[in-house]
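Here chain A shows up in two complexes: once beside chain B, once beside chain C.
After this line comes the complex of A and B, so read on.
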């Protein structure tokens, strides 16, 4: 606190100075205490955030009945790998993982193509009805799947066989999830920030609109594509309600639906559930640690761009 | 290049007004139709899977059947039925209680953590990463993980209680506690997101304002109350509406943790819709409740846009 010190230099004698020094010392002590307390709070919440994942390892490496012994044996005497074996061999875990990967990847790729094209048109092209159509997109921004799940189910389940879409098909799972208004909105916002001169210059050089999009705009919006890609993939990776409704056979379930179905399938086997949870989270956490910067941007993009 | 040559070249390049009009309208037409080609691939699924289902949903609310058989028109019967359905009113009440509790708790904690991370930058990246990890988990997994904390026999919570000499608590036998468990699961999952959101908001508060307040002798708490909070208010309000919209759709954790029990005390609006549509085949009531959800979300969306607009107007005026 320099300002009061300067004031004291001007007015006060030695006595005031000593007072001030004491106050500053106390203040320093107080501030050190405060920062220690602050870091303790941060550490506490970091532990609360990560702790459950670490704690999950314990039941996954023990026999299920050991969960019910008291006092609890946090760290197993002998490591039991059987839970992981049972997840892999007694459930369709591989298949669920594959389904989730196909579902989330397909939705992400289709969304990226559709949303960058539409975002570019809304940001840089003039056409009749542009404002009205964009308003329509924006007004559907928040519509929850739950509110339209009945028509979606009826539509998909009644599609004729030649479409290869229906209940328990990949197309049926994927198609209704590919029209995210948020993606179009994000892309429009991002492309609007590009300098208009670039596009104009290419246009004067005689490039077609698609060439401009492909050669000029696409290379410049790579960061936005990565962010929207991760965001979309994450949205589908955690998606539960739609896969729950549109898949009924075990072999078409996604990981979320499959792992949820482990509960109470037999008498709930908590060792198996914790092993499945560990197997599901471990790869995601590794990918996250590698690409952390992009993840954080992706999750913020949904909220902050607005 | 001689003057004549230059002029000849210029004449070749310039168009007569008539030529120009024709060329430019041809150009604009081409560009305009190109634009429709750009938006068409998006608009086909957008209309088919979002816009049409909204109107279809509204129409279905005047019908019964439809999931397994064809729908038949029943007029306002569904709406009359759900108007007197205590399970629905209970579900809406539970959802509202859940949303308020979850948002108050997560906003308070997130604001606190954001303030700390904003003040103490050393090592803050590690904390940010740790707080973010729960966001990677699907809500279904969060619910299952939460079982290991709340289970009667082996949950961490009950183990702590017994080791302290208290009796065990059957959390899922008590409506209030069961709902709180779902609240905590959501708070745990969402805390990282809201902390980062508020941190970004805090960093947008102009440093000069805080400095000015400091020079005027405002203490830390005063600066927070008189400068930071008023600056954050528009963002907080907007965040609250977004959070209400998100929390009104709670379903996954209910599905794995409580299945709406005990005695429907954790039944939420989406749980009600799903159960009536796909479990009980009481589709009419499910349709009407879905339209109710749609209405609630649309009103909230309108409020959030209005808030954004007033923030823009405010910023422009300032």
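After this line comes the complex of A and C, so read on.
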């Protein structure tokens, strides 16, 4: 057995170290090559994702007569802002914006209330038929909106006058869109991850079912609420099909329907339409950029556990 | 302050009977530990008392009031959970204040009560922190503070120390004993740790498979186990069991095992029951605590055996000895000269022996019947 002082030398000395250094260098080179390749793939996907936005932005900043030059011009020589002015002054853009804001905000708020309550019930309350009811809610996800548009229209248009809901009304626009099964599912999953002990502790502390929901569960699922809120808001902001069906007057149109109506039967001013579309999308993109960190948080739902 | 009376409690989950006809009386101010392996139903009893589970049959009476159909909060018991169940989005102050805020107490009263509870548990410096910023021991103290702040009639503790590391567990155990001595609140404490049970409980209720096996003082259940389960569950290393046959021998009893022949007087074993027992079958198990066996050199009489393993634990030396057709654990002096493969003999006093019948009952004269209650011990407060 070697003396304790000599023991270090028994591990191989300089040659072994040189070997490892070489291997580490080769490994670094390999890793660098790998990361270049993965960045190339990411850039490709980014181009595919960003392309349509650039394609939309470009004509909005050019005069109409410049649009059909050959070869196609992606970046305008001179920036022309006139299209935006025409959208604001020659169409009901402000009114459509207000309608869209009211529509998307109302749907979002009502959806949040209903989905969190339903999610809590499905996650935490024991009642007869819970599983079957939940399966029913989830199965509605499989029905495409287009399939129920006609019956929905008939239902809403035949509502009695005292409901103040019907064609060309805000309630008619909002009501069929509230409460998304996907949101119910998401809230249920999120609430299920909360430790059961928290709810039981609150119950022993004297909290009523609603107090448990309001003071314990809601604060803990804030990330999920924000995500569902943004998601719903963005979906409704660009919702097209239902507003198209249920609004017929210009003053009740939402942005998407309004912008689409700018397309004339014979003449279409693509510059104006592009400018209107850009203005319609801008708020959604801004909202997303502000709240994107919440999306990351929501995907780490488990971090809530102690 | 209140006593807790559990009468013939039964709780089923589907077809599984988690608690089978358990009756238990916990005196005002007493500290009773429910002890048993995982899944033995001890937590279910606690949750039934708290009101988190409904009893399928049987009665739960707290302070003379039947509470089966009373909301958890109105039972005025406080529960401490294994994972503390602190509200992560509230500060320590708000966590402790929560039950009082729900009860809509005036603000200054809440403030006073929280500071008092925090003072008892040395949490004054931490009131503004969030649970995520606390160590395990601190979280446990917050959970205790939240339990004592509304001055409950009884504490229900569900393995409150099992998430702490060994050092902290010993310290917190002592704090809990002191807290109970100071407040004198009736306490039901669930654990699977026999050391916690032995050190903390006025009485221990040993559970297995939903059945109450024995309840008594720590000394009682250790020295006079009602059956094989209690005998082997308490004690580390557990009681040794040696298969043997019981026969009567001129006004005494004799247990014959492989290489062993133990003569027991009728003072030790109960006679009338045994006569019947032996008529049917005479297979028994001989029970011997590791600390009651002495090691002798080979050829000194006693049970011959061979040392297999040595386990020094500092204060003691545990020997595993092959003898009487089984392995026997012996607790001995750490300075013992025993070495693996040594031939030795095992010696013990006959009156230390337990004899368990074929159904597991302890046949000793002084052993209590299974599931019985020993007379209530007045709580020292």
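To be clear about the criterion, the second predicted complex is superposed on the first by the 225 of 306 C-alpha atoms of A that agree within 3 Å, B and C clash if a C-alpha of one lies under 4 Å from a C-alpha of the other, contacts with A are read in each partner's own complex, and residues count from 1 in each chain.
Convention: a residue touches a chain if its C-beta (ideal position, glycine included) is under 8 Å from a C-beta of that chain, and two chains touch if they have at least 3 such contacts.
Everything quoted here is computed from the prediction, not taken from an experiment.
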Partner chain(s) touched by A:211 [first = chain B, second = chain C, both, neither]: second
Comparison of chain B and chain C by chain A residues contacted: B
Partner chain(s) touched by A:225 [first = chain B, second = chain C, both, neither]: neither
Touched partner set for A:195, first chain B, second chain C, both or neither: second
Partner chain in contact with A:102 - chain B first, chain C second, else both or neither: neither
First (chain B), second (chain C), both or neither touched by A:241: first
Partner chain in contact with A:57 - chain B first, chain C second, else both or neither: neither
Footprint overlap on chain A, where chain B in one structure and chain C in the other make contact: 304, 306
Chain C partner contacts - residues on chain A that touch it in the complex: 195, 197-198, 200-207, 211, 215-216, 219-220, 304, 306
Touching residues on chain C, where the partner in the complex is chain A: 50-52, 72-73, 77-79, 81-89, 98-99, 102-103, 131-132, 139, 146, 150
Chain A residues touching chain B - in the complex, by the definition given at the top: 3, 35, 38-39, 41-43, 45-50, 52-53, 55-56, 59, 67-68, 70-72, 113-115, 117-118, 120-122, 125-128, 130, 133, 136-137, 139-144, 146-155, 175-179, 181, 184, 208-210, 213, 234, 237-241, 244-245, 255-257, 259-260, 263, 270, 273-274, 277, 280-281, 284-285, 288-289, 292, 295-296, 299-300, 303-304, 306
Footprint of chain A on chain B - complex, ascending: 28, 31-32, 34-36, 38-39, 41-43, 45-46, 48-54, 56-57, 60, 66-67, 109, 112-113, 116-117, 119-120, 123-124, 126-141, 143-149, 151, 153-154, 156, 159, 162-163, 188, 191-193, 196-197, 200, 215, 238-239, 242, 245, 248-249, 251-252, 255-256, 269-270, 273-274, 277-278, 283, 286-287, 290-291, 293-294, 297-298, 300-301, 304, 308
